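So, here's a batch of structures to check.
Both of the next two complexes hold subunit A, though its partner changes from subunit B to subunit C.
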Partner chain A sequence: MKPVSVSNGNLLGHWRRWAPVVVLLALCILISLFNGNFLTFGNFIRLLNSAAIPIVLCMGATFIILMGSIDLSIEGVVALTAVIVSLLVLNDISPYALSLWAVPIAVAVGGMMGLLNGVLHIKLKTPSFMTTLGVGFAGVGVATTILGGTTVRISDPTFRFLSLGRVLEIPMAVWIAAVAVAVAYVIQERTRLGRWLYAIGTDEMTARHAGIPIERTRILIFGIAGLFYGLGGVLAAAQFGQGHALISQGRLFTTITAVVVGGTALSGGVGSVINSVIGVFIVVVLANGLVLMGVEPYVQQGVQGLLIIAAVALALDRSRLDVVK
Partner chain B sequence: MTQEQRTRLQTWLPLIVLAVLILIVGIYDPRFFSARNFLSVTADTMTLFLMASGVTLVIMMGGIDLSVQAVASMASCILAAYLQQLGFLAIPLAVLGGALAGFIGGLASTKFRIPSFIATLAVSGVVISAGNWFSQTRSVNIPGDLSATYLDWAIGEALGVPNEIWVGAAFLVIMSAVLGLTPFGRLVRGIGAQERAVIASGINVDRTKIAAFTLSGTMAGVAGVVMAARLGSGSPTLANEFLLPAIACIVVGGTAITGGVGSIWRTFVGALIVQVVRIGMTFMGVSVFAQQIVFGFILVAAVAVTMDRAKVLVIK
Partner chain C sequence: MMQPVLEVRNVSKSFPGVKALDNVSFHINKGEVVGLIGENGAGKSSLLKVLNGIYQPDEGKVLVDGREIIITSPRHAFDSGIAMVFQEQSILPTLTVAENIFLGREEEFLRFGLISKSRMNAAAAEELKKVHLSTHPAMRCADLSFADRQMIEIAKALSLDSRIKTDVTILLDEPTSVLEQKEIELLFRIIGDLKQRASIVFISHRLEEVLEISDRVYVMRDGQIVQELAAKDATVKELHQHMVGRQLHHEYYREARQATPSAKTVLECVDLNRDGAFSNISFELHEGEVLGIAGVIGSGREDLARCLAGHTSPDGGNLLVNGTAVHFGAAYDATAKGVGLVPSERKVEGLVAPFSVAENMTLAALPKFVSGGIISFSSEKAVAADWVSRLKIKTPSTATSAGSLSGGNQQKVVLAKWRIAGVRVLILDHPTRGIDVGSKEDVYELVRDMTAEGLAVILLGDTLDEVIGLSNRILVMRDGEITARFEAPPGGKPTQVELVRHMV
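Here is the complex of A and B:
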């Protein structure tokens, strides 16, 4: 947990910092009481596996939310990169068979989409939620147009290994997610970019007066976030073995829920990528628990919606209250 | 550019753009210029306008409602699921469902002090689940005889004009009156122009905001009912792909997302612009999916042009 809370020191601030962990533990205990299948090795692996892609996406989204902005283009970027990567590996539509070389290309496309977000947002001076809403829809549009509504089937075993292969009994996707977390953590803790991120999110005017290159940092962070979404798209394509724009459905929702539930404040400046990992596990464990209890899958999105409201309401830092639009 | 010139430009530009677009499409295909065709184009625009008219109020306060497409879908599900049992009563029930969703969004946004885009995004998750529950995750057909009995007011014809246009015109008048003639409308403008000043003058801002969100949900519900009537079915994904055009037509009409400036007729003009652009693209053979790309960039461009940057110090 990252001690960058403004209201640090008092009891409430302390509770807020550890609340996500407490919630996660309580959930695990509660569900295992109701269902014996929860605490099995098989289910544990299943949990890790379903957390992998959301974690990768959250790494990007956390950075953006730490700046006090928001990225609604996640689904668009994931859809586009998933479709591109599945057209570049061995498949039933296009003649390319680049195998693993397709991965950096798709991730780079994600980065370009992120940069596009950042450049439009900064240069046109439009709020990030509007800019990313537009770019995100455009991304889904491009992805659907490329395929004309059909689905690509991937027949490249090396590529599918990225998600399905197992090393030390743990799926490859989980290892990749772990590396993504490590990279994100290093960016957050050990680079100037990471420090500037917090400065911008806490007080952009002061950060500007302190000489931080706000515009460049913002554009770069949107680009980096795009890289993570690109990787998420690649993993999604590898997991399902096909490329389709619908592969990204519901991802935006899960990602924002996880970031917010993990304790990263939407107002910016407070939180950490580690918080978001905890957040993803809260969302995934809850979903897993609901499935084990036999709740209809379509209820999940409703539960996540309520979680967002509850988490944002509880994480509210009242010292920063002003007009809320 | 002075403030006055700016306002004048924002008032007339959308109309000029619409006229130019109609001319372009008309030159491309002369059949476009017929009374019959104009009527059908306007009728096709009405569901979009109905949905956007409510959101206009929220945007004029400087907020946003991202839940309208989910709300419209849910309303279509309620209508289709209960029309057989309840008859006419299913219509107010569906609209009421929309109003309730809007109310919850407004309540969450004001009482918990959550930014409106995230509050309404969260509510849309709940609403999607509800839509799936009402329709049992399927698309529910509305039988032709039921539609003829109960939904003719929305899809029939009167005096040679499609009823969609009458419905749209009625709500254009009602919503314009609400915004232009009532204290509520003045407060909506005031909150958008300078919320702190409105708070300082002792007005219950939260109540006005919740009312605006409720109206937005209500209009999304009405749009969902008309949509279901037109398509002859209700489904939890019926209004998907409608959110972006809805916001686009508000902004293209000249309502600034920073709040304060705007009106319902602007949204009406904006909706017609969006529709004519869509028709133009279809003439040129641009696929429905590719049109989303164009709308995405139109949205960003229109926001960039209409935004009042004097009002926001830091753009997040």
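Here is the complex of A and C:
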């Protein structure tokens, strides 16, 4: 008996690796053919701006998915951290005015929620799917309770600058997202944590046998993901100038779609934060293009739904899968 | 006398129903190559797992350099100087060569918490040189051939050599089974070099290779070490005899009840072949016959069994059931034609463990119990109760979850499932694996009952003994082909030695 050599699928493998980029370029060309406004500087900035928050959220979610887990707590963390940060800066409800000092506090709260995800998931041995779903719901619940259903209005211009300010014509939110990508990339490529999360996502047994501290790694990665979500919440509050629980609506779906469309496999071990950046742009460009083409919002949602299914179908060589759950 | 680098003293390890290791003592000296041989299930893998820290022995101790240690994990074994090269590889395809070699040991390449890829790649290149592999350390392992990955696994084991103070022992589990002749020669040259620095335990089914490369050979059987001999004095034939050992017990296998098959062919293969698994398989199976298939792991017999049961499709040749050519696209096609498989992974593939005994029994024939789209519990229960008493299944009731029964009774539930489905050909893949001796005899009794009723059985036995004792005819497979055919009438059974010669 000779095991099948893996190398003969090379060509297809390389195509798969580059597919997200090809899809993104094709989309851009297609849309610019339909609408001349697509390729303008103004629209380019608009694209970058709408990509900023999803990119920050995707950095965390990519790590979790590379590890073979899933994180459904994104909306809960974003809602709670957005509400907390908006109450800590100058606003119309609470007396605090910590200005930028509120940012690390909110981000830390995100990190704590991520750690909570990880600790519950590992210590109770509950699947990440259910654990994070629960923590996420709790997060939205707490955020709603804090405000009793009202909205906080932010009146701190320094804080708003985090999203609205422009440096070299480019919004601050985009710069912050770029830094987030750089940090995530270094973690992924140059730290043990990054290496180990690939190993765990590929084959946890082998990773365990190699002496990798699986539990600690998993918990830390959930914590790091929470930090990114917390930053996402801060950016959302700064962008809208207000804090309320609904600020996170729809972000979970966009984030997971972008990660998967970018080519990170839900089964773990394959993908990269760079893939997810491409994935975010595919989602954002598509949405932008549909708007430019005058497609109705609900149809846009439908298109996004189809996109994620197509991406999952294309991302993996499924012919060798025996069981699909 | 020299202090052994690694020693195992009076180690025993039991699992429910099986004694995997029975008072095993074993040692290896510095710079020595020790061969370890035995049939499937003789205890080689269990011994390796004890040395590698996956199993903890129930009794006995393990000594490294004369000091007793308790090996808690494969990583602990590695740090103690025992490196295992697995038969199923432990190379992660998504990581690069260098990342795999130093997985879990990245500390030495850290600078300010960041891994220096260039230093790691350089160190990996050093290790690759030791195994004469020119692969680039930054290449992804998914893009490498299977043989190259095997070499990387060996390089990973060797990387220990320059990093720990104690002497290194490398456990090679069937390293040659996936290598080509040229690569095997290279591996043997490397082992020759290694003797300067490390001690090696070499496990293989290819006895000529074991004799060629080893200084000493241990033979295992039934969880015990039954023989230790110097390789230079031993012959392959001698090794065969030690591996096989005991004599047949006619009574045990109910030979008196061995049926004479009728002339009617129920299943026939003509030049059946599946790429990478088996080729040129031709045989006929008759009503009331037990056809045994003997072969080591990798002989292709498991693949053949799965193919005959429709789990996989052949790439060429013909399969005939009752004289008509059939093509099975999936297992239910085979079931519809009366062919069923009792898989070796009983708990995973044979049973739906949380389902009740009755639900498991009717699973393959559910349409028979359905009227108007609704399952009739009363007829399901009645049929299940009937089979529980016919097969003497020990269960509190037909509503008990099948997973809670003993191994032997679980296997009876699986057999009942196929009988209820009305199969005429039953493929038994290791039907007595992991069940106790008494239940084994029950299973043998059931096999005789089935053939008396005209069913045909294809048997992939757990041991050679079993194949010989139960079968009317025996096919021997090696490297995906049939290498010998034996008639096995009661009183005229072939010996194990005769079979083994064609297996390895």
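Convention: the second predicted complex is superposed on the first by the 311 of 325 C-alpha atoms of A that agree within 3 Å, B and C clash if a C-alpha of one lies under 4 Å from a C-alpha of the other, contacts with A are read in each partner's own complex, and residues count from 1 in each chain.
The working rule: contacts are C-beta pairs under 8 Å (C-beta built on N, C-alpha and C of every residue); 3 or more make two chains touch, one makes a residue touch a chain.
Computed from a prediction, not measured in an experiment: that's the story for all the values here.
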Which superposed partner A:148 touches (first subunit B, second subunit C, both, neither): first
Touched partner set for A:269, first subunit B, second subunit C, both or neither: second
Subunit B versus subunit C as contact partner of A:70, first or second or both or neither: first
Touching partner for A:168 - first (subunit B), second (subunit C), both, neither: neither
Touched partner set for A:302, first subunit B, second subunit C, both or neither: first
Touch count on subunit A, higher of subunit B and subunit C: B
Subunit A-touching residues of subunit C, taken from the complex the two chains share: 54, 73-76, 78-79, 90, 92-95, 99, 103-107, 110, 113-115, 117, 142-146, 178, 276-278, 298-300, 303, 479-480
Residues of subunit B defined as touching subunit A within the complex: 61-64, 108-110, 112-119, 121-130, 132-133, 137, 195-196, 199, 236, 244, 247, 257, 259, 287, 289-293, 295-297, 299-301, 303-304, 307, 309, 312-316
List of subunit A residues in touch with subunit C within their complex: 1-7, 10, 13, 186, 189-192, 195-196, 198-199, 201-203, 206-212, 269-270
Complex contacts: residues of subunit A adjacent to subunit B: 67-70, 120-121, 124-131, 133-138, 140-142, 144-145, 148-149, 204-205, 253, 256, 260, 266, 268, 296, 298-306, 308-309, 312-313, 316, 321, 323-325
